[in-house]
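Here come two complexes built around chain A, the first alongside chain B, the second alongside chain C.
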Partner chain A sequence: MKIILSILLFASLLFANNHNNSLKIQILENICSGIKNIKAMPIYSDDIEIQKAFKNVHRFNVVENFNDAKLIILSKNVDKIKKFPKKHIFVLNYDLLETIPNSFGAFFWKKGRPNIVFIKPRLKEQLLKLSSELEPYIEEKIW
Partner chain B sequence: MKLLSLLSILSVVVLAQEVNLDNLLKKYQNSESLYKKTQQENAGFLISYSREDLEQMQAYKLKDILKTVRMFNLLMSPIGSTTIEKASTNNNNMNQIKLFIDDFEVTSLMQSNPIELYIDMNLYFVDHIEIYQGGSSIAFGNEPGNMVIRLYSKNPCRENSSSIEASINSYGGNIVKFIDAGKIGKYEYLGYANIENTKDKKYTLNNKNLSKDFNNYQTHFKFEEKNNFQLEFDSIFNKSDAFKGIANHPLNNNEIQRQYAYLSFTKYFKNDLKLSFSLSREYKKADIKDEIGFITANNENSKMFYTNTNSKIYKAKIEKKYINDKNNILIGTQFIKKELNIKDYKLDHFVPAFDLTKLNIYMFYVEELYNFNKDNLISLSAKIDIYKDNVNKSDTQYSSRLAYIRMISDNLKSKIFLIRRYLYPNGMQTSFSMPTYKPNPKLKSFPLENIAGELEYNKDKKRFVFGLANMDIFGPIIFDKVNKMYVNSNTNISYQRVYLRTEYKFDIDNKAVIEYFKMYKSKYMSSGSGLLVQSFNKIGKFDIYNELTFRDGYDINNIKIDSGYDWTMGITYPIDKKTTLKFKGENLLDSSIEVLIDPATLLEVPVYERKFIMTMEYTF
Partner chain C sequence: MVKLKDTLLVLILFSFGIFFIYLYFYIENTQNEIKDKIIENKIRHMSNTFSHIEYDILKIYKNDDIAKSLADKKLRSVLESKLRILLSKNKKYVYFLYLDKNKKFRFLLDGSFDDKARFYQKFDPINKNIYFKVYATKEKKIIFHKNLENLWITLLYPVKQNDKVIGILSMDMTTSIQDDIAYLIEPLKNFFVILIVFTFLFISVTTIQLFRYFRTRKRLFHDQLTNLFNRNYLEEIQGGLNLEHYSLAMLDLDRFKIINDTYGHATGDFVLQDSARIFKENIRDSDILIRFGGEEFLLFISTNGKKDSALKVCDRIRENISNNNIKYEDSEISMTVSIGLVEFPSRETNLLDAIKKADSMLYLAKQRGRDQIVRYNSNTENTSSINKKGVSDVKTALNEDRVICHFQPIVNAKDLTILKYEALVRITSVTGETIYPGDFLPYIKHTNIHYKLTKKILEICFDKFKNSDKLVSINVSFLDLLNRDIVSFISKTLLEDPALASRITFEILESDEIEDINIFTQKIDLLHKLGSKIAIDDFGSGYSNFKAVLDVRADYLKIDGTLIKEIDNDQKVFQVVKSIVSFARDSGMKTVAEFVASKEIYEKLKTLDIDYMQGFYLAKPNEKIIEEIKI
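== the complex of A and B ==
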């Protein structure tokens, strides 16, 4: 019973801690946590705020170097990305979904609202599986 | 121990619900709402409408918002146009309401304010609206007025899309709106256009048909680079039937055309320096005929009235801010040049003289915001306006304002404003007139003093606001029925107002608002009190909005105008990610308060007819 209680209290603290983080970071944490087979992958972001915040999340393996990363959270178009087709790329700008063929999902503003989208054929191609919480955001193709 | 276990389980369940991704997205959207970034607490008693509010309310037109604003009434003029006037005053009062679209003040020469034209504008390109009451900030740098309405256009970075929206109403009217916004490199753009053909209920007076149908065309274009420059262009054109016209036996084909267009450029420099220039053009054409005719200002009968006017307004403004730990000082100066060109003015006989056709205004203003500590803020502002026109010698007027904002506790906040300012006669009183009265270029401005306070309690899901104010107006402009012109009176007017607003947020999707106001005045020319009830709800995928506005009845020249209730309901249903279907019913009980249009036949007309609107929106 004590063990269960400790786990529950720990979980409470974890959620409470998340709640204190910025909402944008929380959303990205939820997204990364919901991609089943990349949880342990090295992560890198060109957005300094995200990179810094993710370092404080123990379950993520954040790396300093772009080349060492498997999952990249990308905010700006970078030409060198196209040279690394084996990396999993999640973008923060909807237009990047079109310009970067191996980007599998996006978190972006459209029509005044924040949106999340995952592209089904690209998930399949990259052998990525999503948790049930992320499944409603899967689309067959780019809008 | 069991209790502790239960509490822990409960806390996990509650917190786990909070991190639901849809909820997080909504919270993120709410926290990033643009209205939170633009509103200025010290600038007045604020009523704000977020983008989510506007969408759920299905507020298609500016007047859909203005009808919910406390201490103001929507009225209708005999020529069929909607106006907004301070509660208890009539539609001749020409209240000086100031309208901003982004940073541009829409200034009119032909009207006391441009509301007559913009009140019917569509809000499809507008992100959010702020309304400042209780003696708004001098730092807005606007011409003197008693309420400031600020419309903020959508942020291209948040849009990244093209959308089209089409509506039809139960009288056969239709509107098509299109918006495209996004980013090209470091530049952001927004383009908007609408075509509107509004049809409304028809009336009969003395066997003549009365129509207030109109066509409305508007374009709005914004091109900007953040922290560098903004270029904006807006053009609105309205062609409307003239309803009753000037007399009581209007002939068919009576028509009024109005156009307002502006081009505005703002350059942002380093160190909080801002420079802006603008040019606007206002065009008005009226062609009104009456079978019997009307009595002109010269006591002659005329069966026709035709006018064609064109005015131009040039503006230049420079503002600089000095900001440090406790101080925020704004210094600004603005130059406004107004030119009226009356191309044509025809009556059967008499034509009044129009002398005052050029007006220059030089403004200098300063505002100091000082934070004593985190709980106490004081704002002192002063403004000097120098008027020079082609008839009178120059006239110099002063305004001053003291604002004190105190956080009494974590949940309780007070605001007190002391204002001494003036109102300047408008173009419809000094320069240009309808044929039934004469313009009076000798009119002078008159001072007013206002003391206003507001107490706000904000805790968890609840918000209570209580406000009261006293205003003294010294020697206001009144209409002289004998001389048929506006004159400065020797009397003083005093009135008080009180309001109470409560808001309750059930959760992120559901909230309710109840608001009551009352004006205390010796004579009521329109409703003196009113009530607003709003509920915003989400049931499944349906967004449901209900609104009840009440306006109290009053007597006008021994004719009783009954109280009125306007129940509006909107239902929004997203068919898929790209398509949304909307239904709206206005004045569903057909019991909205009416405006007396013709005292002889007791013709009364509501501003909002009972109407049903169906809308489809598609996003590319």
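== the complex of A and C ==
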């Protein structure tokens, strides 16, 4: 009985984890679709799951190489990013918005809830425009 | 009775199973109630604490905008440390939210250790409407999370100033309380799950056993060939059978043994099946039809509120059997049925007695020419001396080895030397009395017991004469010679012992049962080939067929005893016997006169030049072999 219960618990945890991951992918898909001028841009992510999932979305042009990408979804800080100031960076951590100056927005979990933030001056600077659905998430600055 | 207990056990177990399921859900319900109580308690406790924090926040609230009041980092630090006190294992996040002019929620205070938000950082709550409701209703709200990992409930506590909500104190609780309750209750629930599983497993096993019992019971109480009830069923029900509600009929397919022996057992089986089908079609649901044995059937005809009389039911059966020829492969067989009917079996001592009466009536129906119904009444009983010893008595005697043979010498008429001995069957009663064949043979004539009795007589004689130099005559009927078991037994024994075969004469009664003379001739030829002799018994009575006697090339012709008895009184009889003796001599057969009961008969027969004589005047049948004749 204990073994069966353990298996069930493990499966439910896996399921819960999968649930959060799929939610994350779904939100990111919506975000990328909602940024009007990067729809056709080559996308790269250092998050393998996002990379894999986005490859299955036909409207995204996912590239394998960091250099070939125009939109980069970053889960962690990478030093070489500083060498490519012209790339559009979307981060998966609120703190990275400060660390990476050309990051224009972030998706992250706050208190167990999914949160989205776009920084208005950076959007403007990178000439990025958001769909009306994403506009409520625009912030004037990083707090 | 045992199975009644089992059925009760299943019902009791089933009740327990239902009770355990009820208990399981009752525990689950209790678990939810405990959970609700804990939540209620926690909420009350949290609300009390929040009311203190609210007081502290309101103390520093100076203008219309609480965000500006909390802009001081030191001030926030003090309040956040107060909030932090509320944190525990299952109270993960505690924070103060603020709704800005753009309707965005922002963190003003965050007492959480993990995932701490920055001052004025935007917060995207799920169930945003509930947050707005707190502002609108000015009442605390609880959010039960379903899709958030690790979060269980969130308490939203409005911080009010002058009846206006200026912010929301929020506490996120993890699922650990629920887990704790589940952890405590789980063993009890598991116990009941196991109990329920085992109870229903036990119910399943018992049900399977019951199912098997009823299947076995069906097999036990049903005849496999006809699918009718069998005698086991009769034994099962006889205790509870109210004979006042039934008439009793004994049915027997006429001449079935001839069909079985002539066409083979497969045909015989088919005839039985088809006859059973016709029987069933002509009875009612309330009637009970039992295959009593062989081709005999017992029918309990329900009389309780039925329009059809028992006689009508029997007549319907008889007519339908008679009118429906049974077709099997290339053969078309016409069948008839004889029926003995006891309309009021409850008037008999017991069921067995009623069955005996029905059996007796059946015998009368057979005697009167078959294909008819004989009803039991006091007259039929008085006019017949039937059933002195019936099938069951002979069967019991066979089982208890009480069947014996007496031997009566057949002597040479000229010098009174003994030629051979005729084996005459007797039954010794339980009390030691000798029962003569006239008291039992007629009643077993058409039953399997007759064959068993014949076989027993053959065994006794073969055994007694195998190491002897004496000759023996054994009575067998034409029907006996159609029986494969008997023919096989005779053939096997006599082939192994030709000397014994040569000392045996088979006395065959010439009767109306010999319907096919070719088959009869074949059987006699077989006995001849084995080296035995043939005697035609009771020649000169009603059905004597001179041609048939010539065809079978009999060795002896035994003149019917009813003629011999009258020979000294009736001149016509004397002339008949004289003719038979002349016919036998001309045909190369020896003559035997039986029933020589007096000196007068003996003297008269001597004038006819009869070869051999047999009778009480010469020697009575005796269990021991008589060596010498003394007149």
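The definition used in the following text is that the second predicted complex is superposed on the first by the 122 of 143 C-alpha atoms of A that agree within 3 Å, B and C clash if a C-alpha of one lies under 4 Å from a C-alpha of the other, contacts with A are read in each partner's own complex, and residues count from 1 in each chain.
Rule of thumb we're sticking to: contacts are C-beta pairs under 8 Å (C-beta built on N, C-alpha and C of every residue); 3 or more make two chains touch, one makes a residue touch a chain.
Owing to the predicted nature of the structure, the values given are computational and were not obtained by experimental measurement.
Engineer: Scan A:Tyr94 for contacts with chain B and chain C and give back first, second, both or neither.
Structural biologist: After superposing on A, A:Tyr94 lies in contact with both chain B and chain C.
Engineer: Between chain B and chain C, which makes contact with more of the residues in chain A?
Structural biologist: More residues of chain A are touched by B.
Engineer: Kindly classify A:Glu133 by the partners it touches after superposition: chain B alone (first), chain C alone (second), both, or neither?
Structural biologist: Only chain B is touched by A:Glu133; chain C is not.
Engineer: Taking the superposition as given, does A:Lys110 touch the first partner, chain B, the second, chain C, both, or neither?
Structural biologist: A:Lys110 contacts both chain B and chain C.
Engineer: A:Phe66 contacts which: chain B (first), chain C (second), both, neither?
Structural biologist: neither
Engineer: In the superposed arrangement, which partner chain does A:Asn30 touch: chain B (first), chain C (second), both, or neither?
Structural biologist: First partner only.
Engineer: What is the shared patch of chain A, the residues that chain B and chain C both contact?
Structural biologist: In chain A, residues 1, 5, 16, 19, 94, 109-116, 137, 143 are touched by chain B and also by chain C.
Engineer: Would you mind writing out the residues of chain A in touch with chain B in their complex?
Structural biologist: 1, 4-5, 8-9, 11-12, 15-16, 18-19, 23-24, 26-27, 30-31, 94-95, 108-116, 133-134, 137, 143
Engineer: For a test of understanding, state which residues of chain C touch chain A in their complex under the given definition.
Structural biologist: Going by the criterion above, the answer is residues 92-93, 95, 104, 106, 112, 115, 117-126, 145, 147-151, 172, 186, 190, 193-194.
Engineer: Can you list the residues on chain B that touch chain A in the complex?
Structural biologist: Of all residues in chain B, those touching chain A are 1, 4-5, 8-9, 11-12, 15-16, 18-21, 24-25, 27-29, 31-32, 51, 127, 154-155, 157-161, 163, 577-578, 619.
Engineer: List the residues on chain A that touch chain C in their complex, please.
Structural biologist: Interface residues on the chain A side: 1, 5, 16-17, 19-20, 94, 109-117, 136-137, 139, 143.
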